[in-house]
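Chain naming follows the written order as A, B, C and D, and within any one chain the residues start at number 1.
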Amino acid sequence: MKVVTGVVGNDIHVVANRLIDLSLRARGYEVFNLGVNTYLEEFFDAVVETGADVLLISSLNGEAEGWGREVKPLLTQYKKLDDVVMMIGGNLVVGRGDPDEIQRKYKSYGFDLVCHQIDLNTGLDMLETHLEKRTQESNA
Amino acid sequence: MSLLQEERKIILSNEFVDAFDFAEVTDFVKNASKELFISHHFKKNKNKKMMVQPRGGFPTYEKQYALYEFFLKANVDVLPLTVDSNTRLNDYATAQKMLRLSEENNIDMLNGYPLVTHGYRTTRKMITHFDKPVSLRHGTPDARLLIETAIASGIFEIEGGPITYLLPYSKNFPLDKAFLYWKYVERVCANYSQLNEPINRESFGPLTATMVPPSITIVIQLLEMLLSLEEGVKSFSVSFAQQGSMMQDIVTGAVLKKLARFYAEEIGCGDADIHLVYHQWMGAFPMNRDYADQLINMSTVIASMVGADKIITKTCEEAVGIPTKEANAKTVANTQYTLRILNGLPSVVDEEEEEILTLEVKAIMEAVFNDPADTLWRKVFNCIKSGIIDVPFSPHIINHNEMITLRDAQKNIRIIKRGNVPMPDRCYEYHKSQCDLSKDTTSIVNDIIHDIGIMQ
Amino acid sequence: MSLLQEERKIILSNEFVDAFDFAEVTDFVKNASKELFISHHFKKNKNKKMMVQPRGGFPTYEKQYALYEFFLKANVDVLPLTVDSNTRLNDYATAQKMLRLSEENNIDMLNGYPLVTHGYRTTRKMITHFDKPVSLRHGTPDARLLIETAIASGIFEIEGGPITYLLPYSKNFPLDKAFLYWKYVERVCANYSQLNEPINRESFGPLTATMVPPSITIVIQLLEMLLSLEEGVKSFSVSFAQQGSMMQDIVTGAVLKKLARFYAEEIGCGDADIHLVYHQWMGAFPMNRDYADQLINMSTVIASMVGADKIITKTCEEAVGIPTKEANAKTVANTQYTLRILNGLPSVVDEEEEEILTLEVKAIMEAVFNDPADTLWRKVFNCIKSGIIDVPFSPHIINHNEMITLRDAQKNIRIIKRGNVPMPDRCYEYHKSQCDLSKDTTSIVNDIIHDIGIMQ
Amino acid sequence: MKVVTGVVGNDIHVVANRLIDLSLRARGYEVFNLGVNTYLEEFFDAVVETGADVLLISSLNGEAEGWGREVKPLLTQYKKLDDVVMMIGGNLVVGRGDPDEIQRKYKSYGFDLVCHQIDLNTGLDMLETHLEKRTQESNA
């Protein structure tokens, strides 16, 4: 299973990114880590190039929302990305925010899994459950 | 006209600057209230009361003013002026647009005060009104215009430096350019320092706030200090952040103070005033606000043990999001209270640790000085590039990322892989002997993960 | 039947006690879970994690149970059982009446848990259910029935002593009687200690929590310890409260530990386990809850520097009124968090201060031993009466109140008038030399007033 | 001006009492300090015996209310105590309480000046103002 990951925008918080890299590898994924300060195009290009199954975006510094809104418009320019699991986590708003509201908003931006201030391992467990469910559905 | 002055004219003839009046500004600085100069407070602060400085910046003049009023009530010693990220990236057009939007709609569209956009004439009113020293916090690699505007506004302490504002804050900005832009800043500060009390420069010791060993922090502090004193700056603050072990903090403070003095004298700048600044824990914070308050209080106690001249505070909302002004003011009041009731501090010395750390720092400094380049900044540039200086968890492409650190049982940060850093073998063996390295790689990786989240 | 056993029978044939079954209780203690014995935890606590114990007691079984559940969630190490003041004054009739009212009307008519009224059969259910060590906090001069009930309930740590529960807590209760009643307590504890793990006795070092100099605190701790070990107690905790100067606390802890061991061996009781307990600041608290939290956190840091085996906590509501269970639980959680993140503590020694303090304590102890009376308790009694032991701010009529203390610049408590206390001249001169005594009387009185309110 | 003072009931908090003693003397009063653990009868007896102008009661441990209620019934047994200024201060309730409510309650118990959790010096300033006003009134 291939995963493209990185931190979106001008965000340079690198610590979580390093841990995500380690944890994904430990769970057996093939990881393409674009690091911090990565723009949406770079993410999508990498997914196409590597044929990744999962795109896992981090955002820590509060920029996420601005980028979230750009996802759908940009996606129309790419083909064959419909099956890619889109996941985002970190600090998804500036300051505090209502978790349900955040979930709703980011799902509407096109993300399958939204992990606002959710611990990495919990998030990766969610990813696994999601992937299993999908396999079962496509097998059924 | 000197080359510098020509460069200044170009920098200040920016379309976003409203007619910079050199003569008027010179005059202002010459006659400015001593109260505005932190260098003056450092000097007259005889009984060594640690100064307290919070963090914080808002887009509009009104909000920044309100923040300062709040801080004053909490008995602040030094006011912060934190600049927004567009201004940091020299994107003054966006800053202007966002400031307008913020003013019109009464919501914050910027994460700090757009100093260049407000300009020095406006900002100076606020600064002189409060008549407290203000510290400029930014994170800008090219801060030339920003610093000119700051000093013209009455902001007489400038934080940052070519290394400390770059390696933790940027991925791609060219390091050599950062050195040149900061050289300009140092010289402008040095020039203004001749008119009244000196402008104070402060380095940003926390770096990435994540597993940076004291030797690396100290080397970078010393180098930024030397680069600044070289240009004529007369008042400089070295700094570092809480590291996780009280003992290691005490040792770091002691060695940093001694070596700062030592190297300043080595380059014939023994007349400069050098101060020590301590940052409350800058790494990952606990989500629980009560716990965060404990951590902050403990930071203050440790800062006192270290004997810092100034402390820069955090708030209980750190892990949650941008702190409110209430949370910020609460921390200031709490920190002042703690300093008031904390008494009878023992003076603590750990000679072995001091010796090891001094050896490490001197070895790295020597390697820097031995680099064949002609100027100090080029030597430093080369050493960062070659990994002689290596900052754990730096996002910058030029950083080597070969050094690996771990915490020992006492939570001291130890170097278990030195990479290209010329650590003397004796020190390296000492570091490794403090850790249990018989574990397998997975356990060590788990230890690193645990060590990052140490305060949670 | 021994004299003690006869006395026990009389004490326990109280109309408020529901048929005390000696054999059953003996059996219970013999087979009780080791977890209930704090002495067992002290022994097995190899990595020296400081145990955390809050304060708290409610009238009804249900409320006390709920309090314990709360504490458990906050990760408590030792549960408190604080007894109401009617029971403390042996007024079991009122305690019974007020308990009924509390149960019927669901409001608290007692300021603690009326242990004798609930009885051991009921209380034991709660204690064994939670299976955590419980510490009995009372303040009773005649605690004979109370302690019997406590041990029968599974409470295996008993706080107090003839001096520390009398001089700060009472104006008129006869001191000689207190000694005799506590002798009974010690012997009952000693007897039960032979059945399973030892019952732990703990002295109440904070005394009046107001300007008590370390020498007086230590002397009283040592004497209560000796009176207890004499009777066969095998596990004892000496204690003291935060005094206002970190250095003085560290020195006090060191001297207290050393001398406790020394005097225990002197009387041939070197086999007893001795522990050190630290109370978070017990004096006047700030009204501001945030400040109170700072103070509490700082107490925890100092307790760690002192190397205490157990810490007893306060809450941010101390100055306001009886703390809620929420405030109590919050302090426990905060204290545990602080202990978790506080690392790399240096070990600090101040040899001069230790020497002075040791001299003082030994001189007073010698004066006590030299009293011509036949037993230790009578010697101590005489010495309190004659002011050889003098506790500042004790409300008790027998106390001399001749000693005057003041804080020096570091906030160390210094003796500026020794009264009848046989302080060696050298120590006395040292104390006075630390203070500015050239001031006039009014200024010194103002200093004393200021020193009482030091943490506010 | 003569003042009788002390701490009421089984309360043994002595620190404030010592300070009150010092402060009253410093302000020129003649002080009769009964100390802690003093019952109402003892207070009234002392006022009669000394001919005091002011009775200043402290209560710190939460017992005040119980004693407050006893004041009026007991006062009926004493003659000539109508002119005595009755003052109480310290912690006048168990736990927290509404300051206005506390004022009202203790005034109804017969106290002229009620100082719940009020600093000593502020309280003694209030006493002086009160005494001055009374002198003016009786002169008018």
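Remarks
The rule is short, and it goes like this: contacts are C-beta pairs under 8 Å (C-beta built on N, C-alpha and C of every residue); 3 or more make two chains touch, one makes a residue touch a chain.
Quick caveat, the model's predicted, so the values are computed rather than measured.
Setting chain B aside while the other chains stay in place, the touching chains form these groups: A | C, D. Of all chains, A has its CA centroid at the greatest distance from the CA centroid of chain C. If each chain is reduced to the centroid of its CA atoms, chain A and chain D end up 70 Å from each other. Centres computed as Cα averages put chain A at a distance of 33 Å from chain B.
Once the centre of each chain is set as its mean CA position, chain B and chain D turn out to be 57 Å apart. Residue positions of chain D in touch with at least two other chains are not found. Interchain contacts link the chains end to end along an open line, per the touch definition above. Here the touching chains pair up as A-B, B-C, C-D.
Across the complex, chain C is touched by residues 244-250, 286, 288, 290-291, 293-295, 297-298, 301, 330, 333-334, 337-338, 341-346, 348, 350, 410-412, 454-455 of chain B.
By the touch rule above, chain C contacts chain D in their complex via residues 85, 89, 111, 168-172, 208, 210, 284, 287, 320-322, 393-395, 442, 445, 449, 452. Interface of chain A with chain B (complex): residues 10, 12-15, 18-19, 22, 26, 35-37, 62, 91, 93-97, 117.
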